[in-house]
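Take a look at this one; I'll ask things after.
In this document, chain identifiers A, B, C, D, E, F, G and H correspond to the written order of the chains, with residue numbering beginning at 1 in each.
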């Protein structure tokens, strides 16, 4: 075959992936300054909706939710009422909590999609531990937030240099979906809800088609 | 009285204000680059919700909605199913359309809140005409979008130098509300929905109060 | 009538407006750093196309075109082969050149649309002189370029505080057009060429309509 | 005298100025995204320290401090333990609260320095009302925070177009101080604490002087 | 030989390279917010012109072009009327479509230049698959667009960490050209058309040379 | 005459203007963060060179130069060895210092060009006082520096709303020059030294002309 | 085990880590332009407080502190009055100074946390040498400052490509802490002091709890 | 020894390094938009001065200097009147020109410092070839310029992933200098000239020392 370089493509697979949402707590959201709040909430809920859409095994966790960090974002709980929710009593890195690790292991999935607050700690530390534990780890960049773009950039460098795949929620959705024909209406509805620019394309087209009739 | 300068405060009043949403059409949204799409949709819907919350008379209008500009954003129509919706057959400045002007006049309100797409044309031209016609005009900066921050900045200068008040949707809500006690639960619900950072404060507080019990 | 403030709307009129393109010279373009070069050239040519589309009287001028400033951008000359082109032998402010002022006066138009390079000198000085001479002056912000966004911002403040209207090329087009029905195909073609986002809306719609048949 | 323009300089005077800190509440701080949090706290405390340093009459106020907005920043209370603190039960614009207006009037000062959270509501509305009431109003730009730079920019335009003077905390300090000789050590200590770059100049100089001995 | 490190330079070669344009569709363009639209269209057409100039084998592909994604940009079709155009019925990653892979294989070229919309999905997924398939892959950064600079940045990290070469269209042109003497007039014309700053240098120089005569 | 608005153009005149450089001291330079240091030094020296080139009467002043503020930038002293240099013993606003005001008055000029460090204090306060005293005041935006772009922006609003003209050093040069023919070589040399982009145009042109011979 | 990639997580351990603060000198602070000064001082002091909180062995060093670089920031000396402070007489890279290397070796720790001024020299050179000497090196990105974001970015690339871990002070604190239960009150106090957004969460919560009683 | 990772530090050595300045031509400077022109010229001349200060062997080269690219910046020629200057008749990558490669080889140095215009082509291509040829290559980021920050970023990724060390001119100076005592006055003079912030520290200190006497 042609070419001089070769690398394997570490690719998400809906049969192999689990989703971990780490510390999306109402208090911790107030630390996030690298995304506008409405945009960030939209991305977090989009990723949650993807998890549900693809019926991924999901693990939820919080850190000291009875303290200033606050409870898990209620909208996430509504989407995943039955997912395991591990309240960590003190461990900052979720991977230091046996219950969380067990919940992840129970999914039986070798690929772990992680997002959370803040990117440089709750996300990065868990992601680096999960890589070390042998998982293929995918951090969702726009569903994870932190103090500033420069803090985010440094944590991206640290994670990606240690084997973590970085990708945004839309890329997660598309990599899991593979082919629109698997559920064209379903994916369109998901995008229309969480990606207004795509929703507008759909509405405009339907409006035009109605004219044509 | 103290001080050397004096100016009257042109202030919104829920009994005096009407709301005009100008050309929030699905095609035109694709021209907007000065706000992230999810953030912008959130601001447009927040302003719409404010109009409904305060029972403001509302006038909707579109420009050439059968062409590339596309139909009005469906979510707006859902919020205001009974508001007059003026489909302009060609006039770019809504104030050049007699039906629109009549609809505004019929509200009997001397204050006109305007937002739309794009800020420098559909909003600015209508706003400047409305000022000339004697209205107190309030342009909602974050529920209006355009090509770039620099285009927006120039149009803000032009409008504000000609008597237009510039303010964001949260400022509109607060200026109309005047006092939280008029409907504390109602305003809190509105903010929780459209201002995630405020919603998180509410959730955290309720969670803490529940602990205290 | 309603409202507490009143201001007249200084509005472009295709029967009253003339266009002056000041020092869009190939050497001076290299001083422009507040817009990306392809974007800036597009805006300059869009404004030129607008002048031609509305058959505005046009006055071209250059400053020391035999020196480092270079010749007028050839594309502009192609669009306006017959417009008066005043080569100023030394005056920096075009209004200090009698031939230029005469050419403007000969248009018989009370509204003067100005753009050029650089915004803070060739544009600002001529604009301020034209206001003083009694013209309604409209400076086209995105078809004028300069050293940096902050230099641009300061010159916008100076001009707008002295009676200059600031607006972008699309706002010029729409204010002159007033009503799409005056030439729907013509305006659509102009936008398709110089505003790719609008061109894409047109193409998508035609493609959809063709499907509907 | 020379020149063609004339305007009076609306200048702060330590014998004429009062300071109002509006809604610097721990919950509302989480809405502020136009300054980095440590920088913003530093500016708020710097302005507070200025008020104390110049023995300005100070009025504190909060909005619904028993709810999600939270209590006044404790550090401010420590600086002004005896200042009147008006807990508004619902009025968003502090000027709609008679107790607050009375407290301001009791200062007997014609100049009112205002800062608060958020700039576009709690600050802007109070400032516009105070101008209307005849005060010379000075809004402290960097000790007031809000959702984004563009929201801030629009509110600055609205306020400054209606007679409000905009200035940063350092400008407040210098305009009140007039002459370093009034208290050279005092001002130096204040700057060293809140303006690290100035503190470093002082330290470097003292270190060098010690060498010279 | 000197030095302590060694790496091979994976370099484009006009005899070895093929060009794939992935999903430059009129609907998808409206998702692109990391480049200004006129600038982005210019870069896409510049890359297309380069493909034609160097007579590279070209493969075009679209995703669901009968739906909201829209048809291929007409200007691209005009440049490559005879290139294979693969309409993918559902596969998001072009490499999952056998017809596309076959078209690429038929070029017989070991180097694959890819650009498209959006960078993080249609470009990144295809590029990662092509690397895995053994191609030397070159992603053209400025002829590929996506939702935001931060999404772009994350996708660049993912691709470059997995063996993809990132470079802009001008770098593609120069790496293919190797030596201006291969076609000095041709390259100059291409640059004059798509790189206005370079075009201005040429015009200024010719104008000066004409003076010298 | 045409048009509906009229405003006089407050324009620099080399026979009417004086230049005041306020507190360009080596310590205070370390407070400036709104321009890159090499760029800022270049602008300050460019303005100084303009003062010398047009033989403007110049007044220099420093604040507490024996303390942390440091001495006047040595390069400025070299350019103006004989200009009056007023060392203010404590007054922050130079206009509060009688010696400085006298020095300005002695110039007999009705136009005062001011730049300095920091923009919001040493420049703004002196400029506002000079306007009040009847001068036509021109603040040079890029030869004045301060803590941040947002502090600069607020001070620009305050100054321009009170009658100050804002302009950059290049605009000062051109407004004083009026006509290149007054000293073509002189102005070219000045620009070549302080505006590298213009110097490059000159060098390229001369190089081309030499070829033509 | 699952997954296809594996990498070890190079993780801070409070029993294994030492802290080196390199050239946080009052003169050198004036070179830092990639962070706002109050924010930067806060980060530097936060990292120092972390060192003290975890009782890390600390090594301080300065470069030519008797010259323009100035003395060590006094606040750091106050925090670490007994730490070894190596005054380097000329070596730019601290690792070229035997006394510094000895002090580091004496800590007996294999992990070295480094921050300093400027990032690209005093930090980068020492960090690269320490990696070469076999240490696990952690550079604290927000407690290190330099000339511009782009200089910082290049130095991050250089360091991270050569084995340096990049992380911010909050990530250092959390990675050392591992579990909040090790000292919940202590960590909360540290965060309240240096991370205002977190401090506000604590204050709001306590205020709410007090209400609940 | 401590630590788990190890990497050699590829470090500049004044006895091992040569300097190549590639295509700093007056025409090509007009393509540079990622640095302000005065700042960029300063960095280019700073690097040149460093080359002279350390008596590095220097190789100069231009591309088509008789055409639009223009001649080498005259200031560089003045600094290195005797350095080999290779006028490439067509090769874009300098390493494709045997005369240039010979000149580099003749220096006998294993380390090659490269800067030039534009970063993504003339610099990147030569740097990648030099790495392949076995040199330790150091690209000077701030003395190299290109079309935009995003083009620069992509080219940095490409180069650094292929073994190029990225560093700014100050880092070059310090890495070559190793110890201030090698020539304290010389380095101070160089910094004072090209790094105004450092020059100001020196001036302030001398001024203070003079007071102490």
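Here is the rule we go by: a contact is a pair of C-beta atoms (placed from the backbone, for glycine too) under 8 Å apart; a residue touches a chain by one contact, two chains touch by 3 or more.
Just so you know, these numbers come straight off a predicted model, no measurement behind them.
Each step here moves to a touching chain, and the least such steps from chain B to chain H number 2. Summarising the inter-chain layout, the chain whose CA centre lies farthest from the centre of chain E is D.
Farthest chain from chain A (centres taken as the mean of C-alpha atoms): F. Counted by residue number, the contact pairs of C-E are over half the same as those of F-H, the matching pair from F-H, C-F or G-H. Our note on geometry: chain B versus chain E, Cα centroid distance of 41 Å, whole angstroms.
The mean-CA centres of chain A and chain C are about 47 angstrom from one another, to the nearest whole unit.
For the pair chain A and chain B, the distance between C-alpha centroids works out to 33 Å.
Within chain F, contacts with two or more other chains are made by residues 8, 10, 27, 30, 36-37, 70, 153, 157, 195, 197, 200-201, 204-205, 211. Applying the touch criterion to all chain pairs gives A-B, A-C, A-D, A-E, A-G, B-C, B-D, B-E, B-G, C-E, C-F, C-H, D-F, D-G, D-H, E-F, E-H, F-G, F-H, G-H.
Every residue of chain C that touches chain B in the complex is listed here, in rising order: 1-11, 34, 141-142, 149, 152-153, 156-157, 160, 165-168, 170-171, 174-175, 177-182, 184, 188, 195, 197-198, 200-202, 204-205.
Interface residues of chain B, counted against chain E in their complex, comprise 30, 33, 36-37, 148. Residues 201, 204-205, 208-209, 211-213 of chain G touch chain B in their complex.
Against chain C, the residues of chain B that register as touching in their complex are 8, 10, 27, 30-31, 63-64, 67-70, 89-93, 96, 109-111, 118, 120-121, 124-125, 128-129, 131-137, 147, 150-151, 153-155, 157-158, 161-163. Listing the residues of chain B that touch chain A in their complex gives 26-27, 29-30, 36-43, 65-66, 70-71, 73-74, 194-197, 199-201, 203-204, 207, 211.
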